[in-house]
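What follows is a group of structures, each given as structure tokens.
What follows is a pair of complexes built around subunit A, which joins subunit B in one and subunit C in the other.
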Partner chain A sequence: MKPVARGAACPAVPVSNETVTLSHGEGGRAMRRLIRDQIAAKLGRGNVQLHSDAACLGRITKEIAITTDSYVVSPLFFPGGDIGSLAVHGTVNDLAMAGATPCYLTLSLILEEGLPLATLGRVIDSVAEAASNCDVKIVAGDTKVVPKGAADGIFINTTGVGVHSTGQRMTASRIQPGDALLVSGPIARHGLAVLAARESLGFDPPPESDSAPLHRIAAELLETLGDDLRTMRDATRGGIAAVMHEWAEESANAMWIDESQLPLLPESRGVCELLGLDPLLVANEGTFVAAIAPHRVDDALSVMRSHSRCGQPAQIGHARARELSPVLVSRGLGADQPLDEPIAAMLPRIC
Partner chain B sequence: MKPVARGAACPAVPVSNETVTLSHGEGGRAMRRLIRDQIAAKLGRGNVQLHSDAACLGRITKEIAITTDSYVVSPLFFPGGDIGSLAVHGTVNDLAMAGATPCYLTLSLILEEGLPLATLGRVIDSVAEAASNCDVKIVAGDTKVVPKGAADGIFINTTGVGVHSTGQRMTASRIQPGDALLVSGPIARHGLAVLAARESLGFDPPPESDSAPLHRIAAELLETLGDDLRTMRDATRGGIAAVMHEWAEESANAMWIDESQLPLLPESRGVCELLGLDPLLVANEGTFVAAIAPHRVDDALSVMRSHSRCGQPAQIGHARARELSPVLVSRGLGADQPLDEPIAAMLPRIC
Partner chain C sequence: MKYLDEFRDGRASQSLLEKIRQRVTRPWVLMDVCGGQTHSLVRYGIERELAGQVELIHGPGCPVCVTSTELIDFAVALAMQPDTIVASFGDMIRVPGSDQSLMQARSCGGRLKIVYTPIDAIALAQRNPDSQIVFLAVGFETTTPSTALAVLQATQLGLQNFSIVPAHVRVLPAMETIMQLPENRVEGFLAAGHVCSITGYDVYESFVAKHRVPVVVTGFEPVDLLEGILQAVTLLEAGKAVIENRYSRNVQRHGNPNAQALIDRVYEIDDRDWRGFGTISGGGYRLRDEYAQMDACRKFARLLPPSARKDSECRGADVMSGKIKPKQCPAFGKTCSPESPLGAPMVSSEGACAAYYRFDPITIEARQ
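For the complex of A and B:
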């Protein structure tokens, strides 16, 4: 018979004050204290309930939207954000892009044994600050601990619940030929920031993530444009290229992009050129694409400009009737080039 | 400058048909195909939507309950269940124990590079079957892939949404001295099953998990007993001991347990004696404790017996006015012994 799992015969595994231990995941006193002192205390009153299997949200009279995302970004901290704020912004943005007002989040942590409690504390502080900025309440939580080597620091799942204030449904199937494609700001910032931080690429200044909540600008766009706003999407994994391919497939149209119109910070352009990356394929976490009726471009750009986060919004192309290729890019070479759907792992673990 | 992240310069990382690769997590074609062929196809129509940031649940007129849990059990498959069914049952049970009817689940996967697609397929089949058995719909999902060594096979987060059919709130603060403490069936089965499977302990027959949904029996108990059902709790991590300590704290009473009344399968008793484990501290995943008004014990046991899963329900003790110890166990030695709150990692990664 092999030895029993660590600590099985005797509850003498030390409960460290400095790092996360397996004891913190086992449903007993250590876990209750960790949750009380390191998590619930930081999230503030009115947030997560300690002693309950499920939280009650009461009655919600409007239509409900729900979304879930797990965050495994490496490194945990990067210029412009960290896994905590990212886990809030990403899920808030998924609701916002669906036209919903974010209201509630659940927060589920998978912690690796040996994680410094100070690191956990920084992440939870960041979750709390981002949730407060986004006006969302954290209503339920879960904490698991796995042995050293069975995870990488912290993984976070946030599931978001929002409400549809209008009956309007935004889907890519509403995109028509001639519709304008707009982007809310400089692209490719998040993917480059995480890549440079993870690989210690030493750029000066280092590229900074665009991680930010989009619910306010999304709500204003929706209110201003109404049905003229066909659909929106934050261009995360796979970048703008992935969104264009999904929209082309769903709408049965083609998406045409003018490369010269893509807003790109000079430092992003430099990094992309140096590393041979196409910014259309690099992830964003606070920058989105919108398809709108062509006569509303100025209105939409004006809303985008009024939100300080959205420097440099731009029209980057338009929808066309489908010919051979679903996504085309004018690269200033005289002929449009088909843009392949991203296939493989260009930048793993960026969210 | 260090080498760029794998595959960054060239999208030539092979997309294996046999195992999960980093490409499957990157938002492009490989991910879309994985989700379409390996996940959505198995979950069936009416479940998860492929191309949407958020799912719309429509209007829900009743009070809403929400709960979240991440599952990191090792091994992924064990006698009586696997991580897929466990992720459904555990979250369904959290809603059921709160008196809510489970309706919707979100499903978020963190996959380790190199995971055989056949393993993923078995897990997703199990999720689908369990969800169908529980009458819950999987409405939103997420898939992330981390490099080999950064996770352990599969981690699953399920977040559950349910509705309160009655206005009744069950909390442990409603427990009064004299209330009966009932358990729905033989205890300690899940923890022992996972421990024996992980450590290859070679018991014959191997202990089998009690993993099962509890929403039907919970609803019937609630309907039958009304306010006489003070509260229920599935005794997962930390076992019955952890629940008793939480109830003692919340109700400011003491919980008294008669060890001789604990339902325990003979094989569980043997394993516990051999390994020196206290079954009160071992996790269950389909067995729960209920605190009820003393005059309703027979009614409650009769409901429990009518659900085939619940063999051997029993009254195991009662609540008392608090004296020195919050939880007491009569071990047949003439004097009641205080039962410590579980402190450390007796059995890590059992859910």
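For the complex of A and C:
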């Protein structure tokens, strides 16, 4: 991209020192330039329609899926991703997990006064790259600037539009006792990566986020398994535990997990042990859980393995007829233990 | 992770459970002193497996739970001062004070930073020369050496804007207090393994002789805990009151002399107000006078609260002294939960009430 002209007043100021000011949000020339040069130019042709208040998407004949999500991660950049790629992957994955093919995204930015333009540039580059990897177009957007202290660098909202190719609905009410619970790869990576980066915990190597798009693997699973794929869910905030509780409630069954089968990288396990965290409660951003008919476990695992990002997929348990506890964990000792829903923020223990 | 897998091995645990059941001729009452032990006992369902044979009373070994309401109020008052940042371990921030927790104070504009080691608080002081950084120094003997080190470092660096709220507590005087309670039922102790890694276990010899109770130094994983319980019931069945070490991979007889020297250099033993217990003689540490300028209680004495309001319905004290199980508290699971705790044992991941709330099947089922 060409260096952006910034007007005659400060030709000598290097790009890296420039920051977002309130005037970038006031609807005048500064704002137009910011959007044109820092955002639209980076997103590339075929994306944002700059000179219209609304994007026209043309005729969509299939059933439409829509989802929206806001991203406020701190720090903005962490090993394995950043707020830009996350804002694309997160929304794309919500569509993919619902069985839809992601097509369009909107991109709303809330920028804090004082944000370096170089930082904004890196984030938008990351949005553009992720959108391209996910085969989605960014068709509309908005930019607001708030005074210093009223936001934390950048907040992003993306709304995603997709289409249902098969018409198959993914709902947990389809889960039956005996259905297998599969996880697509090592768990707890995103939550640990962000925690370690935010608190400068100094792990070497630092834990890396699993942030990644899931639309291709989701589409292939759906195509391969058809009705035998009951439902799937990316295990974001609240981790696997939150998904299991939702599924137990929606299906009126119990979810049973064998702790010894959970795929967990040795470094993630080390961090969890050190900080006293349960990996079942830690967030993921490119790892999902699927409930499938028990006779299709091998087929599903084989699809998961064929997608290189999904190292170590595994069956971690199964659905059971509900007795008392909605979610049970076998910890290899005595009776199964109930797993509680995540409560409040994870607070590391102190000794 | 080999050491963890070994000490969580299901088959080894089953075999130990069987041995305990065979060894026991009558029900025994043991106290697991440390909150980390409570957490594992409930998480792995060990308590249920031994029901009717070994009753486990969960002791006061959660430093977050026993920190006095006055000190929380003091920390809240500090956080609300302009140009003051309170640095704290994460567990502390939701502990209710008289009016507010630190987390609530933050939502009202108080300045609070969660740190993972006291050394992080020193770095915070260096980065914020115009702010006073006050570190909330809680913990048993396990964390005391690291805050002693921070005080020494801050002194060497000549940091004028760093101080600590010395809230460290000592395990042995608390065990002494429990033995003197008229309603005490404890017949043997599982001593806190990590505390013993600092203090050693020779310090328990006079306690054992005085009270005629066996004490077994015990770790935190299921196999560690079951070995500790097996050893304790073996001693009880044989009528022996001795101190034994079943956490030898971490604990030596005389403990860690370097850590002890650090504590001794910076702190002196002092009486301490324990939440739920009142004042325990020799129950904590105060900073030595030569480090008075690092003592937030002296530096900001004008902010020390007169005395705190009593916790309303909370019977955390009775839980920590083993009088009642968490479920017997009238507030448990009703007006008191981890989302809105009335007392500290419901806040900390190591608190007995929180452990029951999270892992006890009957409790979880009752909530559904």
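Throughout what follows, the second predicted complex is superposed on the first by the 329 of 351 C-alpha atoms of A that agree within 3 Å, B and C clash if a C-alpha of one lies under 4 Å from a C-alpha of the other, contacts with A are read in each partner's own complex, and residues count from 1 in each chain.
Just so we're on the same page, contacts are C-beta pairs under 8 Å (C-beta built on N, C-alpha and C of every residue); 3 or more make two chains touch, one makes a residue touch a chain.
Predicted model, so just to flag it, every value in this text is computed and none were measured.
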Classify the contacts of A:335 with the two partner chains as first (subunit B alone), second (subunit C alone), both, or neither. second
After the superposition on A, what does A:159 contact: first (subunit B), second (subunit C), both or neither? first
Could you tell me if A:201 is touching subunit B, subunit C, both of them or neither one (first, second, both, neither)? both
Going by the contact rule stated at the top, is it subunit B or subunit C that touches a larger number of residues on subunit A? B
Using the touch definition from the top, say if A:325 reaches subunit B (first), subunit C (second), both or neither. second
Please indicate which partner A:276 is in contact with in the superposed arrangement: first for subunit B, second for subunit C, both, or neither. both
Just to be sure I read the superposition right, which of the two partners does A:266 touch: subunit B = first, subunit C = second, or both, or neither? second
Overlap of the subunit B and subunit C footprints on subunit A, residue-wise? 199-201, 276, 343-344, 347-349, 351
For subunit B, which residues count as touching subunit A in their complex? 1-9, 11-13, 15, 21-23, 25-31, 51-72, 74, 93-95, 97-98, 100, 104, 106-110, 139-142, 144-147, 149-152, 155, 157, 159-162, 164, 169, 171-172, 195, 198-202, 233-234, 236-239, 241-242, 245-246, 249-250, 275-277, 283, 341-349, 351
Show which residues of subunit A lie in contact with subunit C when the two form their complex. 199-201, 266, 269-270, 273, 276, 324-326, 331-335, 337-338, 340, 343-344, 347-351
Please give the residue numbers of subunit C that touch subunit A in the complex, ascending. 1, 4, 8-10, 13-14, 17, 36, 43-46, 48-49, 63-64, 89-94, 114, 116, 120, 138-140, 142-143, 194, 222, 337-339, 348-350, 357-359, 361, 364-365, 368
